[in-house]
Each structure stands twice: as structure tokens, then as C-alpha cells.
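In C-alpha cells below, several structures.
Shared between the two complexes below is subunit A, which pairs with subunit B and subunit C, respectively.
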Partner chain A sequence: MLEPVNVTLESLNLMTLTPMLIPIIGALLILVIDLFKSDLHKSLYVMLSILFLFMDFAVLANTSGVVAQNGTLMGVFNVMHIDGLALLSQFIIVIASMLFIPLALTSNSFHEFSYPEFFALFLFMISGFQFMVATDNLILVFVGLETSSLALYTLIAMHNRDKSFEAAVKYFTMGALAAGFYSFGAMIFYALTGSVEINQIAAVLSANGYADIAYLLVGVVFMLAAFGFKLSLVPFHTWAPDVYEGASAPMAGFMSIVPKIAAFVVAMRIFEFLVHSGIVWLEVILYIFVVVTMTAANIWALVQNDVKRMLAYSSISHAGFVMAAILIGTTQANSALFLYWVLFTFTNLGSFSMLWISRQKHIPIYQASDHSYNKFAGLIKTAPVAATIMALFMLSLAGIPPFALFWGKFYMIASAVTGGYTILALIMALNSAIAGYYYLKLIVYMFMKEPVQGADLYVFTNNASLSLRTIVGVAVMGTIFAFVAVNPLLEFITAFVYNSGY
Partner chain B sequence: MFEAIAFYLFAFLTIAMFFIAVTTSQALYALTALAAGMIFISAFFFILDADFLGAIQIVVYSGAVMALYAFGMMFFDTTREVKEKRGNALIISGLSILSAVLVVLIVAAPMVATNITASYPVNPALGNTQDVGMILFTKYLVPFEVAAVMLLVAMIAGIVLAGKKMDLSLTLMTEAEIIDMKKDQNKKVLS
Partner chain C sequence: MEHISTANPYFGVFVLFVLTFGAFTATTIIARLASRAMAAKDTEKIKLSVYECGPEVTKQPNRVSPQFYLFALLFLLFDVEIVFMFPWAVDFKALGWFGFAEMLMFILLLAIGFVYAWKKGALEWHNIK
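So, the complex of A and B:
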């Protein structure tokens, strides 16, 4: 007979689970409401989602106070691992989700928002990402990742037109491949060390002095491929432009931010101890990944004819840029990663919301796709405010001071220089210059060209509603006044990153 | 001795079954061979004293997954011969050899690292099932419950995507068409 196990409730530290449970409860509530009364307006569900995400945020803020005082929190048999990284990334995930979900309140009807399940899946997805970042157990990372990915594929397909099915199936196939790679990688780490917890893997590996280096490298290759897919690093990026084009603009914007920060945190936990332990091979591979991803994506972005595809390549390039932080691996670089991602959130939120506002249901003849460049031609004459706002986001993405992303790029390059990666810093600066070119291409279209003959003048208020305008307003504020917030934000981030030992 | 005989017997049977599954041109043969192969694999778990995983292998793969395949087969004409497109033989054999080597590498990894110690060693006085249950409901309680959430998500996703509401696309309809459709009481009302 087994002896009964005595577990005290205090030792479980259930507080570490609360932030993830809140969105799950919200999702279940939405499903139950739908059971009892099925034809409610979508604004109720949007408000419920925001309410639950806000509660999530409040609990996170409370937890961050505890973590700041007592250091890393462990809970539920040490599976939950709440440190500074987990909290920072959860803050970004929850805030970004709160800003993206009001984009459902468009003035035109779109298929996915007619489902209460859309909002339930959205909340399940958030809790999946939160589980993924708040643990260093590879099994929980996997389960959280799959929960959120399955929900995300469905959210894309629910847009219900041919391109979104194509996008969902492509994303699903690539995601399944990445999941396979991830589990092989995790298996090799387990085989080498007898543990699936990253800190124990690190301890066992450093105790035996990285004896089985060949097998370790095989494991690292699998992990790199898995995260390459999730972070859309070149050459694993092939799905990204098609998926961004097929998904609705809010989902595309969401995809460029939230899943990536979750994947970045896990990649940081796995790769940084390996880079620090002086595995030269991994350093070289990461270096190549960073440089190729930045440069190749920038060059592909130059030749795109569709603004959304251009933004897809641009976000691949930004992911490569930020991946440099994991290569450099200093506290300064890791803090710069989080700062960059906060600023990128606001800028990308703005640019994808602008695309969403101008979304037409039926594409006129002179446009090749939903958001082709000539749709934006001469916008300054037909809709001066929209043109100025769009230009603002493009300038921020290009890294022109004093707009938001300039500060992100600035701190990232600074950390590369202090980390001793001078050539990398130079390549990053050069790439920012190349990137400026394709962002300016859109500005040239908007400001210098004549509008297309017979163009719909009202296209830029086509889909607008008060909540969409508000979100764009928030993004504009975040982009312009970033310079006020950068210093306190960086202090806050650095304190948390330093406390969790990265 | 007995274990060695059992291992080689089941190894031969498994490989033979999967070989049939890959090479046959009859869908029904492939399906049956695959199911048999799955059951033979569970024998390895029993040889290794992992009875719980052996039972799971039979229940999940042979029971659930193969039943799903069988249902899928009902939509096709299984008596017809499948015409396969054969690509470049060099690429195919190259990739198969590469993946075979990779599999051997992966399986060999634990043998190289002999000095590992399990964090949760098996209690010899008890069955394997009790040990798995003990770990699953203490240490791995959270992943277990999150897996339940994952299945719920997958279920909702499946129901939504296969549902009748997806037949019409509000994304492609104009606002006037949507209003007309809502007035039409006979159709399924979309909110």
C-alpha cells in the first residue's frame, strides 16, 4: 500500500495559480452565459473579457509586490515558478490583450465576433500563454503552448474566408511541426539530465561539465528549430507572411506580439544558461540566426506589394533584432528586450488597428489585395488625419527619434556594445537603416502620390467605431509620449530582470 | 532469456506490420496493419515493466486513434487501389536514412548518459500504475489540469469550426445582406 500523502494548503502556494485561473473562469462564464441566452450583443463579451483581464492584471500587480519583497515564488510542488521574467511577460501579455480585444467592436460585422466562443477561446489562449511563461517545467511549457496555439489557430480560421482557412491550416501544420521538435528536444534534455526542469537541467549539466556535448547539441538544435518556428526566425519564417495576410488585422497584430513574448521568455530560460556556459557553437548559431533573420526579412519586406505582408516581414525582422538580447545575455540586454517589446506593442497595435479601420468587405478592382499600397496612395488628400497617424506609426517602426521604438532600438544597440558585440551592434544599426526604406515607401505613397482614379474616399472611416478610434488614440499616445515613460519603465524592468537572475 | 526472445519477436512483428502499413496499396490492409503494429508496440512497455504505459498505448492508440482512422475510412471507397505518386527515389531514400539515423541517435541518448538518476524513482514494492498516479496527482497536478483545459479548447475549436454557422460568412456579406438574413426567420439566426 502507498502511504497517504500529506500536503498542506500553505505549501501549495495557490496564489501563484490565481493569475492564470482568472481568464479560465472568465472563459467558462462566457460559455455558460451563451448557454442560457444566446443572442447577446458582442459588446457584452468584449466588456467581460476586458473585466477579467483587468482582474488578472490586478492580481499580477499584487503578486509582483510579493515577488519584489521575497524574491521568486514557487508553488504547487514547485511547478509554478513566478519570477521577474514571468511577471514582466505576463504584464505585457495581459495589457496587449486588453488593448486588442476592443478591436472586435467594429462598425461592420465580421464573422468571428458573432461567436461568444471567440471571446472564450481568446481568454483560454491568454491563460495558456501565462502558464507557459510562469514555469520552468518543460512539460507545463508544452501544455500551455499547445492550449494557446490551438485556440489561436481557431481564432484565425473563424474569420471565415478562404485566405483565413489557408492561414489557419498553414499555421497549424507549422505549429504541429514545432511542437514535435520541441518535444524531441525536451526528451533529449530529459535523457541527459533526468529532469524536465530548466534549473535542474542546468545544475546537472554544469555538475558533469557538459560531458555529453554531442547529444546536448542535438537537443539544442531541436529546441532552436521549435522556437525558430514560434518566433518566425529565418529560415523557419515561411508561414508568417501568409498567416498574417490571411488573419484579420487584429489577430495578425496580436500574433506579432503576445505569442512571441511568451516564446522569448521560454527561449531566454533555456538558451541563456547554455550561452553563458561557453558553448561556442550555440553562440555562433544564434549569431547567424540573428543576423540572417534581421537582414533577409528586411530585404524581403522591400519588395512586398501589400502593407500587411510588409508588416509581417517587418515583425520577423524585429523578432530577429530582439533575439540578439538572448545572444548577448546580459541583464542590460534582457531588460532592453522587455522595453523593446512594450514599445513595439504600442506601435504595432497602432499600425494594425489602422489597417483594421480601413478594412473593406469587398476589394475594388484597382486593389490587388486587402491592403495593397495603392489603396493608401494620396491618403493625405482624402483623409489627412489617418495619413498622419499611419505615418507616425511607420516612423516609430523605422526607429526615428523621439518616437517609441527609437528608444527600444537605442537600448538594444547600447547593450550590444557594452556586451562586447560591436560588429553585431553595427549590423543592427545598418538594418535599422534598411528598414527605414520600406516604412518610408508607405509614407511616400500616402504623401506624394495622387489618389487612384475612382477610389473610395471613405475607406478610412469604413470600419471605424468609437472603440477603434480610442485604441488608435491610446497607441498614438504611447508612441509619441514614450520618451516620458522610458526611464521609469526601464528601471522597473531592470529591477525585475535582475531579481530573477538573468 | 525470455525477455530477449520476446523483444526480438515483437520487434520483428512491429517492423513487419509497419512495413505493410507503408507499402500496401489497400487502405484497409494499411489500417489493420497499423492497428496491429500499435498493439505489438505495447508489448515493449510490458517487457520493460511499464504496465501502465502499455495499457495506455493499447487504449489510446489502438482504441481511440485507430477507431478515429476507421471512422475516417468510412468516407472513402476502401476497396479501390490507391494510386501513389512516387517522387525522386534518391530524395526519399536519403530522407528515410537520415530520419532513421536521427531516431537511433535519440533513442541512444539515454544509454550514453548512464549516470543519470531519476528524480522520482520507481517504488519496487508497488506497481508501476500507482507510481505514475502518485506523481501525476502531486508533482504534475498543474500540467495535468492544464491538459484538461487544452482538451476543452480543442473541443470548442472543433465544434465551432465544424458547426453550421460557418456555412454562411458574415465577413463576406454586406451589411444589407446581413440585415435581410436576420429578418428571415426560417434561417438559423446569427447574432
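So, the complex of A and C:
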């Protein structure tokens, strides 16, 4: 006879679980509402999603107060692990999602937003990402990864064009492969240390002095491949441009931000103790990853003919840039990672929203693809405001001061120099210069070329509703006035990162 | 010593595992031998000649309805539910109120899925909205 299990509510510490439960409840509510009253307008579901995300945000803010006072919170049999990293990344995830979901309220109607399932899946996906970052347990990371990825594949496929199906199937295949790699790597770590908790794994490995180095390296290789796929680092990036092209612009922008920050946090938890364990091999391979991802993606972006594909390669390059923080591994670098990602969120939100506003139902003959450079030719004459805003985002992505991403790049390179990686800092600076070329190419098209004869002049406003304009306005504000917010933001981030010991 | 290894609660599973491997191999070998022995050997010239492509493709006479996949998925969903409920029922007293609440939540989530599938017409043949 087994001993009766006594579990008290206090020991569960349900506070750690509430931020994830709120979007799940929201998603279930949306599904149930649809069952009993169908054909409701999508704006109701958008508002419900924002409402639940806002509640999520409020609970997170409350939890962050507790964490700032009492340190790391553990809960639900010590599976949930709420530290500063978990909170910061959840803030980014929830805020980015709140900014992306109103993009569903376009003036043209799109197929996918007429389904309430779209919004339910969106909320399920967010809870998946939150689970992924708020735990120390490799199994829960896997469950969160799968929950969010499966929802994301479906959301991409719901755009209902041939290219979207292609994108979803490609992403699914690659994601399945990555999940396989991840679980195999986790299995090896478990076999080596007898634990699935990253803290425990680190403790056991350092206690026995990394004795089983061969097995450990096999596990690390599998983990690297898995996170390479998720973060689209260069040998594993091949899915990214096609998926970005096939997905709708808001989904593509979302994919360039939220899944990556979740994967960055998990990678930070797993790799940082390994990089500084004196296993030179991992440091070298991460170095190569970072340099190759930045440089190769930048060079590929130079030759793209489609703005969305160019932005896809640019976000691969940005991911490589930020990956440097995990290699450097100081508190300063890790804080710079979060700062960079907050600023990148606003800029990329803006540029993908601008693409979404100019989304056409039918592609005219003079355009090779949905968002070819030709479409933006002479935009300053036909739609000066749109051209100026787009140029602003491009300048920010290129890292021109005083716009948002300049500060991100600035702190990242500064942390590389203080961390002792001078050559890496030099490569990062050079890459920013290369990247300037393809961002400026779009500006040249918009400001110096003549519009294509017979072009549809209304294409740049035809999708713009009030909510889309508002989101673009928020992104513009975030991009221009970043210099005011950078210092307090960095202090806030550094306090959290330092408290959680990274 | 051997008493300890057989007393392990997972020993039965291990035996099943070994037997399954044996059974799988045996089935494959038997199937191969049987087909070799019993198949009608037709040594006609045309049959042995090299296959050349280009013939008219015949349409598949009976297409498999996607409803089968849907039913299989729903079956799997509730089958897994039962798999979780058996060990829960066995250890019901030990798990106490905590286990009861967990199981209620689990069933509630699945029930919402069930109502969803029902209302969307997934349980009716050829009537998906």
C-alpha cells in the first residue's frame, strides 16, 4: 500500500502557474463562445485575446514584484522555475503578442481571421512559449516547445495560399527534426547526470569534472542542432526565408521575435554553464556559429529581390548577432540580449506591419513577388507618409543613431569588448556596415526611383484600418524615442538578469 | 540474486519486450518462407521482362475518406484519457483530493474538446461544417 500523498496549496505555489493558465482559459473561452454563438465578428475575439493577454501581463507584473523581493520562485513540485530571465522573456512574449494580435483587424477581410480557432490557437501558443521559458526542467521545455510550435504551424497554414501550405509543411518538417534532436540531446543529458533539471545537470557535471566528455559532446551537438533550427542559425536556417515568405506578414513578424526569445532563454540556460566550463570545443563552435550566421545571412540578404525575404535574412542575421551574448556570457552581455530584443521587437513589428498594410489580393504583372522592391519604387511621391515610416524602420534596422536598434547594437558590441572578444566585436561592427547596404537599397528605391508606370497607388493604404495605423504608430514611437527609454530599461533588465545569476 | 531481478515490478514488461522482439522476427521469417513456398510461380516471358513506364494510370477505385483520420484522432484522444485514468483509479486513495482535482481538470479539458468536436460535426459521417 502506498503512502497517501499530501499536497498543500502552499507547496504548489500556484502563483508560478497563473501567468500560463490565463491564456489557456482565454483560449478555451473563445472556443466555447464559438460553439454556442457562431459568426461573431473577429473584433470580439481580438479584444478578448488582448484582454486575456493584458491580465497575463498584470499577473506577471505582480509576480515580478515578488521575485524582486524574494528571489527565484519555485512551484508545482519544483518544476516551474520563475527567475528574472523567465519574467523578462515572458514580458517580451506577452507584450509582443499584444502588439501583433490587433493586426488581424485589417480593412480587407482575410480568410484565417474569420475562424475563432485562430485566436484560440494564438493564445495556446503563447502559453506554450511561457511554459518554455519559465522552467528549468528539460521535459517541460519540450512540452512547451511542442505546444507552441504545433499551434504556430497551424496558424501559418491558415493563411490559405499555396505558399502558406508549403511554408507550414516546411516549418513542420524542420520543427519535427529539431524536436527529435532536442529530445535526443535531453536524453543524453539525463543518462549522464540522472536529472532533467538544468541546475542539477550543471551541478552533477561540474562535480565529476566533466568526466564523460565524449557523451557530453554528443548531447551538446544534438542540443546545438535543435536550437540552431529554432533560432535559424546558419547551417540550419534554410527553412526561414521560405516560411517567412509564405506566412502572412504579421505571422512572419511574430515568428521573427517571440519563438526566438523563448529559444534564446532556453539556450542561455543550457549553454552558458557549458561554455564557461572550460570545454573549449563548445566555445569555438559557438564562435563559428555566431560569425557565420551574421555574415552569411547578411550576404544572402544583399541579393534578395523581395523585401520580405530580405527581412527574413536580416532577422537571421540579427539572431546571430544576439547569439553572441550567449557566447560572451557576462551579465552585461545577457542584459544586452534582452535590451536588443525589446528594441528589435518594436522595429520589426513596424516593418512587418508596413508590409501587411500594403498586402495585395492579386499581384500585378510588374511585380515579381508579393513585396518586390519594384512595388516600393517612388513611394515618396505616391505615399510620402508610408515611405517615411518604412525608411525610419529600415534606418533603425541598419543601426543608425538615434533609432532603436542602434542602442541594441551599441550595448551588444560594448559587452563583447568588455568580455574580451575584441575580434568578435570588430566582426559585429563590420556586419552592421554590410547590413546597411540592403536596408538602404529599399530607401533608394522608395526615395530616388520613379514609380512604376500604371502602378496601383492605393495599395499602400488599402489594408490600413485604425488598429493597423495605431500599431504602426506604437512601433514608430518605440523606434524614435528609444533613446529616452534605453537607460531605465537597461537598469531594469540588468537587475533581473543579475538576480537570476546569469 | 535472481529473486531480486524477477521481483522487479517492470520484469514483466521486460519479458513482454523480449517476446515481442522474438515474435516480430519470427512473424517476418514465417511470412517470407510461406510466401516463397506457396506463391504460384508464373514464369511467363512478359511478366519477367523489364517494366517500362508509360501505361495509362488507373484511378484508385475507392478513395479513403478523411473522416477515417478524424475518427482515429478522436479515438486516440479518448483512448489516452483511459490510459491515464486506470493508474489514477488504482492509486485513488493514495493520491487523495489532490489527485481527484487533477483528474477533474484533465477530464474537463478533454470534455471541452469532446463538445467542440461534437458541435463541429466531427462525429457525424460526411457532415463537417
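Assume the second predicted complex is superposed on the first by the 502 of 502 C-alpha atoms of A that agree within 3 Å, B and C clash if a C-alpha of one lies under 4 Å from a C-alpha of the other, contacts with A are read in each partner's own complex, and residues count from 1 in each chain.
By our rule, a residue touches a chain if its C-beta (ideal position, glycine included) is under 8 Å from a C-beta of that chain, and two chains touch if they have at least 3 such contacts.
Quick caveat: nothing in here was measured; it's all calculated off a predicted structure.
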Once chain A of both complexes is superposed, is A:M412 in touch with subunit B (first), subunit C (second), both, or neither? neither
Name the contact category of A:V290: first (subunit B only), second (subunit C only), both, or neither. neither
Please work out whether A:L40 is in contact with subunit B alone, subunit C alone, both, or neither, and reply first, second, both or neither. first
Could you say whether A:E146 touches subunit B, subunit C, both of them, or neither, answering first, second, both or neither? first
Of the two partner chains, subunit B (first) and subunit C (second), which one does A:L233 touch, if any: first, second, both, or neither? neither
Per-residue touch tally on subunit A - higher for subunit B or for subunit C: B
In the superposed arrangement, which partner chain does A:N6 touch: subunit B (first), subunit C (second), both, or neither? second
Looking at the overlay, what does A:V218 touch: subunit B (first), subunit C (second), both, or neither? first
Based on the A-chain superposition described above, do subunit B and subunit C contact any of the same residues on subunit A, and if so which? 2, 5, 7, 31
Residue ranges of subunit C in contact with subunit A within the complex: 91, 93-96, 98-99, 109, 112, 115-116, 119
Show which residues of subunit B lie in contact with subunit A when the two form their complex. 105-106, 109-110, 112-113, 115-119, 123, 126, 130, 134, 138-143, 146-147, 149-150, 152-154, 156-157, 159-161, 165-166, 169-175, 178, 189-191
Report the residues of subunit A in contact with subunit B in the complex, numbered from low to high. 2, 5, 7, 17, 24, 31, 38-42, 76-80, 108-112, 114-115, 117, 120-121, 124-125, 127-128, 131, 135, 137, 139-140, 143-144, 146-147, 150-151, 153-154, 157-161, 184, 187-188, 191-195, 200, 204, 208, 211-212, 215, 218, 361-362
In the complex of these two chains, what residues of subunit A are touching subunit C? 1-7, 28, 31-32, 35
